[in-house]
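The block underneath contains the structure these notes are about, expressed in structure tokens.
Here the chain labels run A, B, C and D in written order, and each chain numbers its own residues starting at 1.
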Amino acid sequence: MVVILEKNATPEQIENITKHLEAYGFQIHKSTGAERTILGAIGVKPNFDTRNISILDGVDEVYRITTPYKLAGRNFHEADSIIKIKDVEIGGKHIAMMAGPCSVESEDQIFRLTKVVAQSGAKIVRGGAFKPRSSPYSFQGLGEEGLKLLRAAADEYKLLVITEVMQMDQIDLIYKYTDIFQLGARNMQNYSLLKELGRVDKPVMLKRGIAATIEEWLMSAEYILSGGNRGVILCERGIRTFESYTRNTFDLSAIPVVHKKSHLPVIADPSHATGLRDQVPPMARAAVAAGADGIMIEIHDDPENALSDGPQALLPETYLKLMNELKLIAAAIGRTI
Amino acid sequence: MVVILEKNATPEQIENITKHLEAYGFQIHKSTGAERTILGAIGVKPNFDTRNISILDGVDEVYRITTPYKLAGRNFHEADSIIKIKDVEIGGKHIAMMAGPCSVESEDQIFRLTKVVAQSGAKIVRGGAFKPRSSPYSFQGLGEEGLKLLRAAADEYKLLVITEVMQMDQIDLIYKYTDIFQLGARNMQNYSLLKELGRVDKPVMLKRGIAATIEEWLMSAEYILSGGNRGVILCERGIRTFESYTRNTFDLSAIPVVHKKSHLPVIADPSHATGLRDQVPPMARAAVAAGADGIMIEIHDDPENALSDGPQALLPETYLKLMNELKLIAAAIGRTI
Amino acid sequence: MVVILEKNATPEQIENITKHLEAYGFQIHKSTGAERTILGAIGVKPNFDTRNISILDGVDEVYRITTPYKLAGRNFHEADSIIKIKDVEIGGKHIAMMAGPCSVESEDQIFRLTKVVAQSGAKIVRGGAFKPRSSPYSFQGLGEEGLKLLRAAADEYKLLVITEVMQMDQIDLIYKYTDIFQLGARNMQNYSLLKELGRVDKPVMLKRGIAATIEEWLMSAEYILSGGNRGVILCERGIRTFESYTRNTFDLSAIPVVHKKSHLPVIADPSHATGLRDQVPPMARAAVAAGADGIMIEIHDDPENALSDGPQALLPETYLKLMNELKLIAAAIGRTI
Amino acid sequence: MVVILEKNATPEQIENITKHLEAYGFQIHKSTGAERTILGAIGVKPNFDTRNISILDGVDEVYRITTPYKLAGRNFHEADSIIKIKDVEIGGKHIAMMAGPCSVESEDQIFRLTKVVAQSGAKIVRGGAFKPRSSPYSFQGLGEEGLKLLRAAADEYKLLVITEVMQMDQIDLIYKYTDIFQLGARNMQNYSLLKELGRVDKPVMLKRGIAATIEEWLMSAEYILSGGNRGVILCERGIRTFESYTRNTFDLSAIPVVHKKSHLPVIADPSHATGLRDQVPPMARAAVAAGADGIMIEIHDDPENALSDGPQALLPETYLKLMNELKLIAAAIGRTI
């Protein structure tokens, strides 16, 4: 932490500031320049609230100069993390594809669509079982029955399962059926849930909150990592901006930045980012070209009658065509899919 | 809902669009202009996903033209809602003051500060008992013990209690001690929690999410109202923007807008909006002048040793001086405090 | 325009609203529903200020329901516009590459770098001659001398020239040397300049303002188009959001949206969007994959001593390697580069 | 400037970074910690592009730790600046009121409205003479004729004049008629214009750009100040955010922040911030309560026929009533109006 003092800070103020810094456990290096005195405070704890110093009289600015996360940072773990789940790896040269319907709707539906996923060469099938919705009259998901069907379909086609957990009391149940827990954007800062998932021995895909900075996103990852669970996968799904012609602004510029700051793999979710079927293929292609370590796509073979998010689901044939394009783009940048 | 067709929409496309609208239960008024055909679709359900129509071939634009909320709207309830709790009214000519520490820390602390709140003329004391924090090593709140102390202090000084609920399984416990449930910004779209609070017979103060539009905020209010709980109080606490010199942008322009759209009272929380003690008084004054129906302020008599959010807590003397200014400003616009 | 009346609008209010609409030249269709009366107002001028109606008593909401631009819209011109400049086409199946230094610095520099541009297969060289900077002591560009050198270098290697115009009084001078005028993000709503460029018979590349919506961007394009200049090329270069780890958020999701709304070609500028050399290649690749009709890249062979924007300039060898990747990605989506 | 090196930075990288810093003219203090090496670079020029260092191999983060502005900062000039124009002071205990129509429309109109301004006790009348608009068919302002009428009306009622300058070639003309130059939000970063206004001996009111950070706003002020013109007045008029129910988000939280960072006075413009008449009074009151040093209000006595921005103009009677409220609020915080 660097503390810049006001030009006219008095010796009493400086002494008071120094005393506070020491009380918080910092070692202090004072450097007095021609114009300003600067205090370097060494030993900052990741979560120290710098406001405690910035409100003291005589302080002009406080800069933290260390990232508030550590385990998630590239400085802690220099090489890319590769998350291994059974025979699938996420985070290496290979790009992981995840596809499936928004919700598991019926045995027939999930088996039909899982077959499409397997055909495409993807190794992971997605599907939601719990769907708390803005309207209490809307479809709320099949619950455990949905999880069972999803597991059975995945087993039939030898795929992994990823499904969303929304509340702490669902963890044990979902654990029985899933290979990867998905944590949704609205729960990115649900600390109780993050804490519990830190103790689980299955990977977690952590979606970026709609208004979360990359730093906050990595801090949430840190929370899971610090609980002992090293299987954290990030997922970019669009942020909120002033633009209204798009549902969200898909922040692909985050991908190279995350790769620079962190060793964790990053998946991109163009289905939720755009919300509209015809914008999914260009954004999926762009995400691969930008360096995403995986893509998650929603598909449906009868989107008009889908029980949730039909408008953003790709038809199987569009999805299969897209996969071919993605393979060529991956090859162009020296990766496989 | 108004559906604008593309200039070159074919008769087959128009027929298909019409069929879809009818299947969704709309009545249709078609108006064919020189340049474009427009379909008016009457009977839209509040939560209809307009993307179902906008992805059809031949459709240019879809406008919902009705608010997705109803019970929260001024059209449903023309007069201002006044929430009555014991002998306190929130939402009328009188401006409700809520003050107290961020966290209940000890019996002594909460009694001392509650006394200050009572002295100031405020009728409601705040204090947190559950504090899940970004670090697992930080103070997590006193839990039920904190609730008991807060209730006892409030009873001693004949004040109402407001305290935050963070998870569904805390509702019953908190119900025993509080007069008003506070729902935090991060839980604004926690639908399971909103649903449960809709069934409770005590008022709920619903904080606006950091990236929530006014419309989404009113939709969350709608969720509680539709469960039968008419005691919904809104609370503005700052939104996230590109500006980095402020912690949040305190959106006071939301206050007159909410008053135009909705009958619900709006509280302003300058402590969380600004995060810094010296910015709280000007923003509290501005909120009263902008028409807020109440102000929530964090106070502490030893902020440097506060267990949470000390930097934004006002000292008792600053708080009491601020109250005097607020009374004069309230009088200037024909209200009392 | 659709005018939704308040539930309790009185007959006098409705009459007054109707009278106003007629005075503004609208034809009115009134439809009285069970709950609300809706007035459809036909004949809206693109720039009608809907606030004139929304402030009338009895009005609840006003929706414009027509785009404020016309010539820039896909409804006006269904096929993609292809801008032809000498033997180069922008907007078709071929992706246009533009590259060169931020500023023209010397004869030697611009000839060396133009040679690299030509080698790469790009057909357009860029370079700035006017550089008003935040500091009056910084390099301000070579002015007309820079334009001459840029033209000479382009002619030597048979390339087209694109360079920025910043003020109205520079148009005639720049016209003598350039093939395409570039209009910078800060001038996107400089209406006097847009008007003048509407009368010029050379194409204009219009950069999106850092906080401009897609709609505002298309309205600025409309301004040029309506002056008679049909050679408008759009350019996405990043928008301002809450994220601070990136310089801007490169809005690639804008590309498919612009292609849906408008027939105009869209170039992407990853150099300015990211501001950092190592983020340019992934974002250039993503832009091609997202469907951009061209890419503009800044290059320099001695970036540490560049007179402006060195940190975002690619080295020639990195640029040439990137071009190879872009060709493969273009091929993957059925385009050439 | 503080340069944080990567954990694994090699001695060669550190030497190279040091060499670069020295070449840029910095003095270097190296401090080697247990985990990281940190380089303090003293002597940074206000406009040094820190990206020049952040792209070097071995660098993790670069923090500027000095503000890029100097003359505009509180460290340079500790007391509040008071701008004196004839017998009017802006920036002290007294709050300056500026009012008048959006555009000067006719002799009769501007004299009628200037009379209202004088009646209210305000000392400054506003009115636009140049109105480049999005449509070439809209009213473009009366030009010099408008300036003459505005000056004559102001002289008649012994008021000061403020009017907007939009282009460099208007400065000399406007100088003859105005007391204060207004620089609009879109021109906040028009460096050529800022430079010219830095040489003028009349004050400039600098509006904040719609997407400008407070830092950028102060840097633009710096530009004028560094030219020798010390009469800089800031003006907050709303920023662009994700919220769509308001035209802009009126950033009143900027006011105490600017007062902390800078000695320059800050005016608030609720008319442009909200764009709607009924939201102007609450926001004007809030701005005074937040500590604004002045308020600018648009008024019109026939807003339905106003040639520009009628919907945001207050009627004279509403304006006079508002002035009375503002006087009471000013008194509540120890100021006058």
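One rule holds for everything that comes next: contacts are C-beta pairs under 8 Å (C-beta built on N, C-alpha and C of every residue); 3 or more make two chains touch, one makes a residue touch a chain.
Everything numeric here is computed off the predicted structure, so don't read it as measured data.
Q: In terms of CA centroid distance, which chain is the most far removed from chain C?
A: B
Q: I want to compare two interfaces, B-D and B-C. Which one has more contacting C-beta pairs?
A: Comparing B-D with B-C, the pair joined by more C-beta contacts is B-D.
Q: Take the average of all CA coordinates in chain B, do the same for chain C, and state the distance between these two points in whole angstrom.
A: 39
Q: Between chain A and chain B, what is the separation of their C-alpha centroids in Å?
A: Measuring from centre to centre gives 27 Å for this pair.
Q: For chain B and chain D, let me know how many angstrom lie between their CA-based centres, rounded off.
A: Measuring from centre to centre gives 31 Å for this pair.
Q: Listing for chain C: what residues touch at least two other chains?
A: Residue numbers touching two or more other chains: 211, 240-242, 244, 278.
Q: Which positions of chain D touch chain A when the two form their complex?
A: So the residues of chain D touching chain A come out as 2, 4, 6-8, 29, 31, 33, 38, 40, 42, 60-61, 63, 65-66, 75, 78, 240-242, 244.
Q: Taking the complex as given, what residues does chain D use to touch chain B?
A: 211, 213-215, 238-239, 241-246, 248-257, 260-261, 273-274, 278-279, 282-283, 285-291, 325, 328-329, 331-333
Q: Quick check on the complex: what are the chain A residues that touch chain B?
A: These residues of chain A touch chain B: 20, 46-47, 49, 51-52, 54-55, 132-136, 138, 166-168, 186, 189-192, 195, 209-211, 219, 223, 226, 240, 275-278, 304, 310-312.
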